[in-house]
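Two complexes follow with subunit A in common, the first pairing it with subunit B and the second with subunit C.
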Partner chain A sequence: MSLPSFKLLRPRNVEDALGFLHRYEKEGVQICAGGTDLLPSMKQRLFSPAYVMDIRGIEELTHIRVVPGLGVELGSLVKLSAIEDSGFIATHYPVLREAVMTVASPILRNMGTLGGNLCLDTRCLWYNQSLQWRKSCGYCIKKDGDLCHVAPGGKVCWAVFSGDSAAALLCLHAEIEIASPKGRRRIPLADLYTNIGDDRMRLGKSEILTRIFLPEASAGYSGVYRKLRLRGSIDYPLAGVAVAIRKKGKIIDDARVAITGVNPAPRLVKDATHALIGREMNEHAAMVVGELAARVAKPLTTSLLTPEYRREMIKVFAKQSASRATPSGPSIRD
Partner chain B sequence: MSDFAIIGKPVALIDSAGKTTGQGKYTDDLSMPGMLIGKILHSPLPHARIKRINPTKAVKLEGVVSVVVGTDAPNKYGILPVGHDETALAVDKVRYVGDNVACVVATSESIAEQALELIDVEYEPLPAYFDPEEAMKAESDLIHDHRPHNIEKEYHHVFGDPGAGFAQADAIVEGRYVAGEVTHAAMEPHSTLAYFELDALTGEEGRLVVQSSTQVPYYLQHKLSIVLDKPMAQIRVIKPLVGGGFGGKSEIIPLEIIAAVAARKAKAPVKITYTREEVFWAHRGRPRTIIDLKTGVKRDGSLTAVAAKVIQDGGAYCSYGVVTILYSGALLGALYDIPNIQYDGFRVLTNKPACGAMRGHGTVNVRFAFESQLDELALKIGMDPYDIRKRNLLKPPCVTVNGLRVQSYGLPECIEKVVKASDWAARRAEYKQKYNGTVRRGLGLACSHYVSGAANSIIRSDMPHSTVNIKIERDGGVVVYTGASDIGQGSDTMVAQIAAEVLGCTLGRIKVIAADTDLTPVDIGSYSSRVTFMNGNATMRAAEDAKKKIIAAAARKMQCFEADVLMRDDWVWKQGTKPPWERTTTAGIAEVSGHVDGQVLRGSLQQKRKDEGPKDFMTFEEAAVSAMDFAGAVSGTGAYAPPKDARGGGHKGGGVGPSPAYSYSAQVVDAGVDTETGEVTVHKVWAAHDCGRALNPVAVEGQVIGSVWMGLGQALQEEFVWKDGLLMNPGMLEYKSPSAVESPEVVTFIVESIDPEGPFGAKEASEGSLAAVIPAVANAIFDATGMRLRESPFTPERVLSGIRKVMGLKKINMTNDVDPTEPHTLREHGGSLWFKGKGPQRHEMDPARKPALSREQ
Partner chain C sequence: MKVPIQVTVNGKTHAHEVEPRVLLVHYLRDVLNLTGTHIGCETSLCGACTVMLDGQAVKSCTVLAAQANGAHITTIEGFAVNGRLHPVQEGFWERHGLQCGYCTPGMIVASAQLLERNPDPTEAEIRMAIEGNLCRCTGYQHIVEAVQYAARRMKGAAAAD
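So, the complex of A and B:
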């Protein structure tokens, strides 16, 4: 399969990038960071943009910077492997490192960026296929058609958000910076996502995700990320659970649980926080977390494994992760 | 000093430098001046009549040279003489989603792809069949008109008296086993480059040259001859480096024919390389199989009878199907001593890509059922899985009840090796005592076997299956011309080793010219693990033939009997004298090396040697030159055909299964099962393989480990996921070939039973170890959890669903209504292809138009 033809734009700074986005907005510009997800999708004709803007040359977005008193600022072009290799992240934000290390394979993490992983296109077995294949099923509402194969008769797209790092970042209450022609704004990461499969992000056509902030208040949480996949490497998550917990003595002082790979957006399980704060971790508490997480999960037939199993795994993973993330808690796994 | 100079030593594959540096050329690396690219248009419907194909718009696109359609080459072909049911491109009907409709030839891939969208095809949808048990009920709208009830072939075999056998049994277990569909997923996608030479006299179309990623160049030459109406002598097939076959390139794949037809129509060289998706559609992998198996044993564990009904979901064309269904029955025998066998096999056509031969051809899924059931029987009569297997060993030399001749039989030693190394009894007991959190550990044992080549070729004849020629060059170089196709398994190296060992020269002297129908004599191909046994024997005979002439000359030079001439490591010496390398002086050698001032001056050397008088040793080079002095040309030729007594019984279908020798494997799998997630982790596999003699131990070990890992893929994660004839995972992202992470340590043991007919005693090493690992994993899961899975692969949802069942937990339907512990039918993906008139125009009887499953959460 060949790539569709396009014109390549290569900005050197954010201002140039915004200028390109503005200038070619009508024709359509597709931003490309690591390209690990985009290029295969372009070959499958899921995207045939007039312009591809390769932003890898924007040097200012490639750094991990610790800002004392505030936290950590990550450029959106920070390579996933750089996060994996960062001792600071490993020490202070372990859940992020754990999640990043499960993304694809080592080679792909050398190309893939954190920003790219957050802006990852939603995925569905009926969508991530070649043009020829999609013709055979009459296309779908996400691309070229008017039919949904996972919710027959439905008008909404249920393609699944399949990034790993977002679940961890939600647990860390990360914020993001979006640059637009009007200036830069900072919003909670959770507000980036719409939970609509074919319109996944609140990111305008002339905007770019530029930075990710990890608040200092979230440093030092113990964390666990668990990912459901059939292979030990390469695969996208079929369900993912991130847990970050802080304790005072035996008592849970703060707890955050987020899930990914089962809804059109990564989701914080807010009830889990209420259920855990002020309690000790025990088997019952862990089970409650599992139940609450499974309630947020809405898996459908978007992947090889059945929705029923993936939902059950959200429950089991949340339960197991809650225990594992609480060092003195009962050892349910290992 | 060991018996051999080269045989039995670990040798790096002789083509490895080119492969590891990128210098080696695979088919897609080739290009030619004026070469065009071909792209194939595939059917979006599973079963439809083609009413009209209009390529006008596509042809008009700038850069398009021609569009090829079915009527350009309507001759039917197929790998089996009984299965000529394919055409290069669909002539009247398409039979699966992905079937070949037309081919665009253009100056670039992207132009060809654009042109595909401009071809206008009108289809008339027909009812389609996706489930073999449903397909067998069909009365009309058959997939092939000449195959009633969509049954490609059925066989009903009875050996011994199964009824009496079951009557003698103290325990009988009966069950249905279902094995999912898997494919080869070779690293190199299929690729073919075809062009015509011009006839020197007329300037018209001359000879056809095809370079292709194939395991069977001679079959390809034959089928090209049929489709293109061209004598085989006018067709040259060359096999470049091949990046893995596993059976997926062991027959003629549509692109190979299409490229040649396209080159003829476009009057230019045409290359077609499949996308990975097209590789999945071309498929020819292992079919989904339903096995209804019944086995009886006496209280002492001895088998009394086996009855198997096997239904294979074969896809839309015959391919190797008739052979597959016969192997499934025949190789119930030759592993254990089974006195009574009943076999009912059905190869069924369905509207899906054709299944064919895949590593362990026909044996793997039945072996999964049998070895699982053997453990069930052992449990029932209170016997250890190890003991029941030991109880049922063959006593070779023997001929099994279904006519298979077994001579060498290393299975007992294989079993002992893995049971001992895994500390079977103690480790099992230990795992029962302690477990870790939600993870249970268990061990599983299973055995398997495979043929060392089929004793009868596809076309039954007495002609040799392999012929090899050897040419000795003037400086002592040795060129071996073999038709054997190295597809990565190392046959070139095997040929070089055997030639060097027999001739007593070093490997560096050997040059292997392989798999080029113009240059090399016939070898019927790299499939059914026949190459080491058959081409190896032919090589041995060719080398002995050449050696005879060298020895005659050496004997004359050394003035001794021919029987007293020894050759080894590039030296030739007289029996009873010290080998040259043990001598303190080898003076006189350098002067007769055949080189004077960098030139071969044959005449003067000849003169010089005449003056030297008798000697008692010489170099290989000198001996070779002497042979030319005395005999003129020095060459050798050798052929191999399996002996008549190895060719099997006379019953219908009895030609498939017999082999001159069988390989044996026994394996123990150590697996952990997470009872909350259903995830299975294989920690270690002990695998022993009887390969007769390991000609190259490192290559044997590689093949055994590769077989185990490939088998683990089928056991745990690989399967074709289907929805109404649509393959949901036609790519390496969603088809879950194992990564390095899940591929555990494999402790290999090579067992050498020294076969009386194999070259240096060698048998097959590349397939026999695949089948055992699947039931070994199933048995380990049972050992760990008490849950018997009868549907493969053992994906976490299946495992968890089974565990919840045995634990008595609330049922969650996580396996699309098919209970993996008691599978009644084949599973489909849960989505919905067609909804209320939207979606593709499927026939109103098409299963896709049944109401969608409600999945309200």
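So, the complex of A and C:
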């Protein structure tokens, strides 16, 4: 399979990148970070941009920086394998490491970046297919067509957000920095996502995700990430749950639960926090977390696994993870 | 519009002009005639095209040749030194780590990367390191044994130094 023709842009700093985005906005610029998701999609002609902007040469975005008193700043081009290898992240933000370690396979994590994983395209059985396949089905609402095969008659795209790290970062109340021609702004990660399958992010055509911030207040939470996928060694999540919990003695001081792989956006399960704070973790509390997480999950037939199964697995994972994230909770063996 | 690139592959420097859309794996095979790097799924799943790019194992079907400009690349052809097999290659030979051989170059690169980072891996760690490389013949058991063999050899060599 060959790639469509394009012209390559290779900025060395953020300002040059913004300049390119502005200059070639009309013709269309596709940003490429690790390329592990984008290039296969380009082969399938899901993207045929006039320009591909390879941002890997922007050195300033490749660092993990600890800022005492504030937390950690991660450049959007930090490789997933670098997060995996970071002792600091493992010690203080274990839920992020757990999630990152489940992304694809080790070799792809040498290429894949944290920013790329957050900006990952949404996925659907009817979308992530070759041009020939999609053409034979009359295309779909997300690409080249106007009908949805998942929700026939629907006018909304339900393609699913399929990044793993976003769920962990939502649990850590991460913020992101977006660079635009007007300057840089900082927003909660949760505000990046729209929950619309074919328009997934509030990121303008002339903007770039540049940094991810982990607040110091989120350090020290115990964390667990679990995911369901077709092949345990490599696939995207078809249901994913991240849990981060902090305890004082036996009592849960704070708890955060987030899910991914089931909605067009990763979502925090806010009710789970209310349900757990001030309580001890036990079988019943874990079950409640499972129920609450499943209530937020709205999977449809966007993959080879049924929506019922994926929703049930959100429940199971949330329950197991809540127990496992609190060391004194009942131990659940995989 | 073609772009100029210069890469060092297995110690030898090459300069060419390539179309931006040319993938590294196609450049290695079609321009440099290094056909030891195989093309499998072309969608970054199977790992047959794995090569070392500046010391990191990557899937060369998802890297543009233009992105490798200035890089040092090692393909399977660069593993043996003066006709002497790399310990991982030797392990695959001694422990029958291959049948059809299609996945082997990628497997060897991925395994070598593991042993660089973790000279004494457990069986589970070996299996995890090669989870992005698919083999349809061996059932992986002999590959794992080959990597264990290589780990022992490399440790022995290190002790002898």
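In the analysis below, the second predicted complex is superposed on the first by the 333 of 334 C-alpha atoms of A that agree within 3 Å, B and C clash if a C-alpha of one lies under 4 Å from a C-alpha of the other, contacts with A are read in each partner's own complex, and residues count from 1 in each chain.
Note that in this section a contact is a pair of C-beta atoms (placed from the backbone, for glycine too) under 8 Å apart; a residue touches a chain by one contact, two chains touch by 3 or more.
Predicted model, so just to flag it, every value in this text is computed and none were measured.
Of the two partners, subunit B and subunit C, it is B that touches more residues of subunit A. After overlaying the two complexes on the shared chain, residue contacts for A:Q320 are found with subunit B alone; subunit C is out of touch. Judged by the touch definition given at the top, the superposed model places A:S2 against both subunit B and subunit C. Judged by the touch definition given at the top, the superposed model places A:F20 against neither subunit B nor subunit C. In the overlay built on the shared chain, the residue A:G138 is in contact with subunit B alone; subunit C does not reach it.
In the overlay built on the shared chain, the residue A:S233 is in contact with subunit B and with subunit C.
Look at A:V52: by the touch rule set out above, it reaches subunit C but stays clear of subunit B. When the two structures are aligned on the shared chain, A:S105 is found in touch with subunit B and with subunit C.
When both complexes are aligned on chain A by C-alpha atoms, subunit A residues 1-5, 105, 232-234 touch subunit B in the first and subunit C in the second.
Interface residues of subunit A, counted against subunit C in their complex, comprise 1-8, 10, 35-36, 39-40, 43, 52, 54, 56, 81, 104-108, 110-111, 232-234. Listing the residues of subunit A that touch subunit B in their complex gives 1-5, 105, 125-126, 128-133, 135-138, 146-153, 228, 230-236, 298-301, 304-309, 311-313, 316-317, 320, 331-334.
Within the complex, the subunit B residues that touch subunit A are 42, 44-45, 97, 108-110, 113, 116-117, 275, 277, 436-439, 676-678, 717, 721, 726, 728-730, 733-734, 736, 738-742, 795-797, 800-801, 812-816, 829-836, 838-840, 852, 855, 857. Of all residues in subunit C, only 1, 3, 19-21, 23, 42-45, 47, 50, 56-59, 61-64, 66-67, 110, 113, 128-129, 131-133 touch subunit A in the complex they form.
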